[in-house]
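Here come two complexes built around subunit A, the first alongside subunit B, the second alongside subunit C.
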Partner chain A sequence: MGDRMTEKISLQHLSKTYGKREILKDINVTVNDGELVTLIGPSGSGKSTLIRCLNLLEAPTAGTLTFNRQKIDYKLNRFGQLTRKSEAQAAQYRTKVGMVFQQFNLFPNRSVLQNLIDGPRRILKVDRGTLEQQAVHYLTLVGLRDYQAQYPAQLSGGQKQRVAIARALMMSPEVLLFDEPTSALDPEMVNDVLRVMLRLKQAGMTMVVVTHEMAFTEQASDRVLFLEQGQIQFAGTPQALQQEPATSRVKQFVSTLDHHLAVS
Partner chain B sequence: MNWQIVEKNLPTLLNGMGLTLFISLLALVIATVFGFLIALMRTSNQPLLRRIAATYNWIVRGLPVMILLFLLYYSAPFGLKLSAFSAGLLGLTINGSAFIAEIFRSGFRAVDQGQIEAGKALGYRSGQIMWFIKLPAIIKIISPTYVSNAIALLKESAQVSVITVPDLMLKASNLYATTYRTWETLGVAAVLYLILCSLFMIAQWLLEKKYNTMGITVG
Partner chain C sequence: MKFLKQVGDYIQMNRADFDKNLIIHLQLSLIALVIAIVIAVPIGVYAAKHAKIGGRLIGLFNAIRVIPSLAILVLVLPLMGMGFYPALLALTILAIPPILINTYSGLQQINPETLEAAAGMGMGNAYRLRKIELPLAALPVIAGVRLAAIEVISSATLAAFIGGGGLGTYVMMGMSMYDPSIMLVGALPVTGIALLSELFFSVIEFYLKKKYGIGE
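Moving on to the complex of A and B:
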């Protein structure tokens, strides 16, 4: 079945160290076109570091990154950061790989509409008229059609996150990365965001999602990766995860999340 | 208070006031550009650049403006005999740039990393991040401190009178020396300085008003 799938993004033999601490150890991840891969694991296991290596927001200490089977070259300077040249190439690459952050990271001094159109206008040089139409389209998709003129401070967390998703979509990315998109939200807003993500999945978007939402993970993901202490301890479909023995690390981790839900 | 003396000497004082404003604004503009560059060096990841910038700021900020002015004017640095105006402008600029560099540096540190990352994730190049994300955020953060500093620079510009730059201070003290009328000369100069400084304060007020109308936007 491997060759029927189109490989979208892949990181092979990824390792990441901070000083002497090895945060990620020989990780191999491949995400195919249209796939939704969720990344779960305890706090500090390296989920954010891993997903940020996928768009080079974090510079891998070692590893091969490919996008549409093309190698994305990068070099590090002696501080372990991308060199100036690699950073410029990474910027180019990132236009095709959108990211949604836990803290939304909207531009506070820009209206919702400006948040959406600034990027594609400045970077892709798309004309304003086209972008405004596109913005209405995506704002409608995330259920915020009438919020164009609002500023981020006037929105709820859930609304901000949906604007952030629309902003990422405006670049017409081929992959979307989500780092705990609902963790900063009040419970009643979580579903609004997850629903939008589900809709994107149905529309065929390739997605990598770090999350603690197990219901979403089971329902929406094609594959689940369980990360612990910088290593992938489990990789498989949600069904395969279900069938893991109760004593397995991944099952134990999931049960702590369930426990958490039962208490709250 | 003898208003006749005031009236007679006012043109001379206004003339000096013009020069004070000119030399201060020019020094401010150049010092802002240099201060920005020094702040970039100070926050660079190259240790050598950081060290040079830190040393510059350390020495300049610890050096009394008046000594700096004397050195520039009388010592003919690098064999260059400077005019009073050039030495005065250079002194004010050097002094201002070190303080403005520190102001920019505090601004850089206060910029929300999340916004920078959001820009990177969208594909902004580093120059675009500086121009579209960091600078607007920094301007908002530093503008009160920056304006205070600009006012201080304007006031301190009075010290260029000691190297014979014919600014408001020099004009006023010369008039005092010939008339011995304190209020009619130095007193009027004080009012004129206050008017100049008020211009800066008005600018700050307008700037803050602009941000407050967007106030809701500032998270």
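Moving on to the complex of A and C:
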């Protein structure tokens, strides 16, 4: 990171309501280029909703979304969802802001290689040969070079998640969002996935990660955001988090989580 | 055994006539099935994408499903008269509901999160439908076609009652002549075709399941 940080993605005065319930209240988040920001908070606090607003999988009820300092415009229909036109524009935008889900969400009818290639082939219109090379590169990066021909049903959870990360990378995104990427995994597979994420961080990827893995959070994140009842109650570096008084909301929340081993 | 020999002899002696009826039976079944697929799959997709109208459409076709096949065949009589085409229409109507309903439920069963992942990487709706949703719904759709095929193949036997021809001709003839062996000239091949159709679709289903690594 240079002296002056370049802003990558930001949400200002974000609010999200479902019916009458305000799920997110006047949230302000800015993520700089190459930063890893973790989002922690109790269940139902709005973490998923917030991270999904960042790539418009969820439509903010109000607020300004900017990417590379440019405003991303969108319109809502009367159901509070993106209009058809905005949805099409959002599809464009989402190629730059990839998402990795808790449940991996691979395409079960496509092989590992096809899972990686389908999206960029059609959306970015890159030729097949180039994509296959790129796919091998990313599968090697996540340690699954030999799994190209397998189908998702034949993989373990940890392997699926690493394929999902490789698939997201295939779109050459500038930002990657992770919504509890290790929560559905057996403990012995968690580190395989976290290690891949660390490697991406070292390679300069901008990331926003919803997680309960405090060891990873302390070790890898530049900043931690603590969300409670739709509001950011703490924002700061992992060091600053450590120095919060034990009576603070965020410290109390963290003390309820187990501290796993550090990622090796 | 005696019956079987009589059936064989009858077919030998009436070879041209038998072949003609066999072909009509196959044509009726196959064309009805193809038309039904072409109509039912798009309606099923539409129904799955439009929750409100979709639910009603499915209710309607579920109701059609309850009408016995002979009744549908007889109902087209006043509309189109006797012959091949009225029989074809009736069989098509019979074949639509199972395919439509399975297309609908097949699409509904897809994990919405899988589709979200597709949207999350910027796939548009049409592409997602073609590349992800329809292939994922393929197994239920094929199961629907398999049901429809059995229905059509067996109901095509009734087509003879409205002058549509086919193997039912021998069933009718045998009945009026009190000769069970002539009835079998129609009934045995129909059974054979039905079994072959089952075999054909189960091979496709087996192959797809294996390809996707999905267990039984």
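Basically, the second predicted complex is superposed on the first by the 254 of 264 C-alpha atoms of A that agree within 3 Å, B and C clash if a C-alpha of one lies under 4 Å from a C-alpha of the other, contacts with A are read in each partner's own complex, and residues count from 1 in each chain.
To be clear about the criterion, a contact is a pair of C-beta atoms (placed from the backbone, for glycine too) under 8 Å apart; a residue touches a chain by one contact, two chains touch by 3 or more.
Keep in mind that this is a model prediction, so the values were computed, not measured.
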Combined model on subunit A where subunit B meets subunit C, clash or fit: clash
Partner chain(s) touched by A:Gln154 [first = subunit B, second = subunit C, both, neither]: both
Subunit B versus subunit C as contact partner of A:Met171, first or second or both or neither: both
Touched partner set for A:Phe79, first subunit B, second subunit C, both or neither: first
Contacts of A:Phe216 with subunit B and subunit C, given as first, second, both or neither: neither
Touched partner set for A:Ala91, first subunit B, second subunit C, both or neither: both
Overlapping contact positions on subunit A, where the subunit C interface meets the subunit B interface: 55, 57, 88, 91-95, 98-99, 101, 103, 105-109, 118-119, 122-123, 151-154, 164, 167-168, 171
Sites on subunit A touched by subunit B in the complex: 55, 57, 77, 79, 81, 84, 87-88, 91-95, 98-99, 101, 103-111, 118-119, 122-123, 151-154, 164, 167-168, 171
Interface residues, subunit A side, partner subunit C - complex: 55, 57, 88, 91-95, 98-99, 101, 103, 105-109, 118-119, 122-123, 150-154, 164, 167-168, 171
Complex contacts: residues of subunit B adjacent to subunit A: 45, 112, 114-115, 117-118, 120-126, 128, 132-133, 136-137, 140, 214, 216-219
Interface residues, subunit C side, partner subunit A - complex: 111, 113-114, 116-124, 127, 131-132, 135-136, 138, 211-215
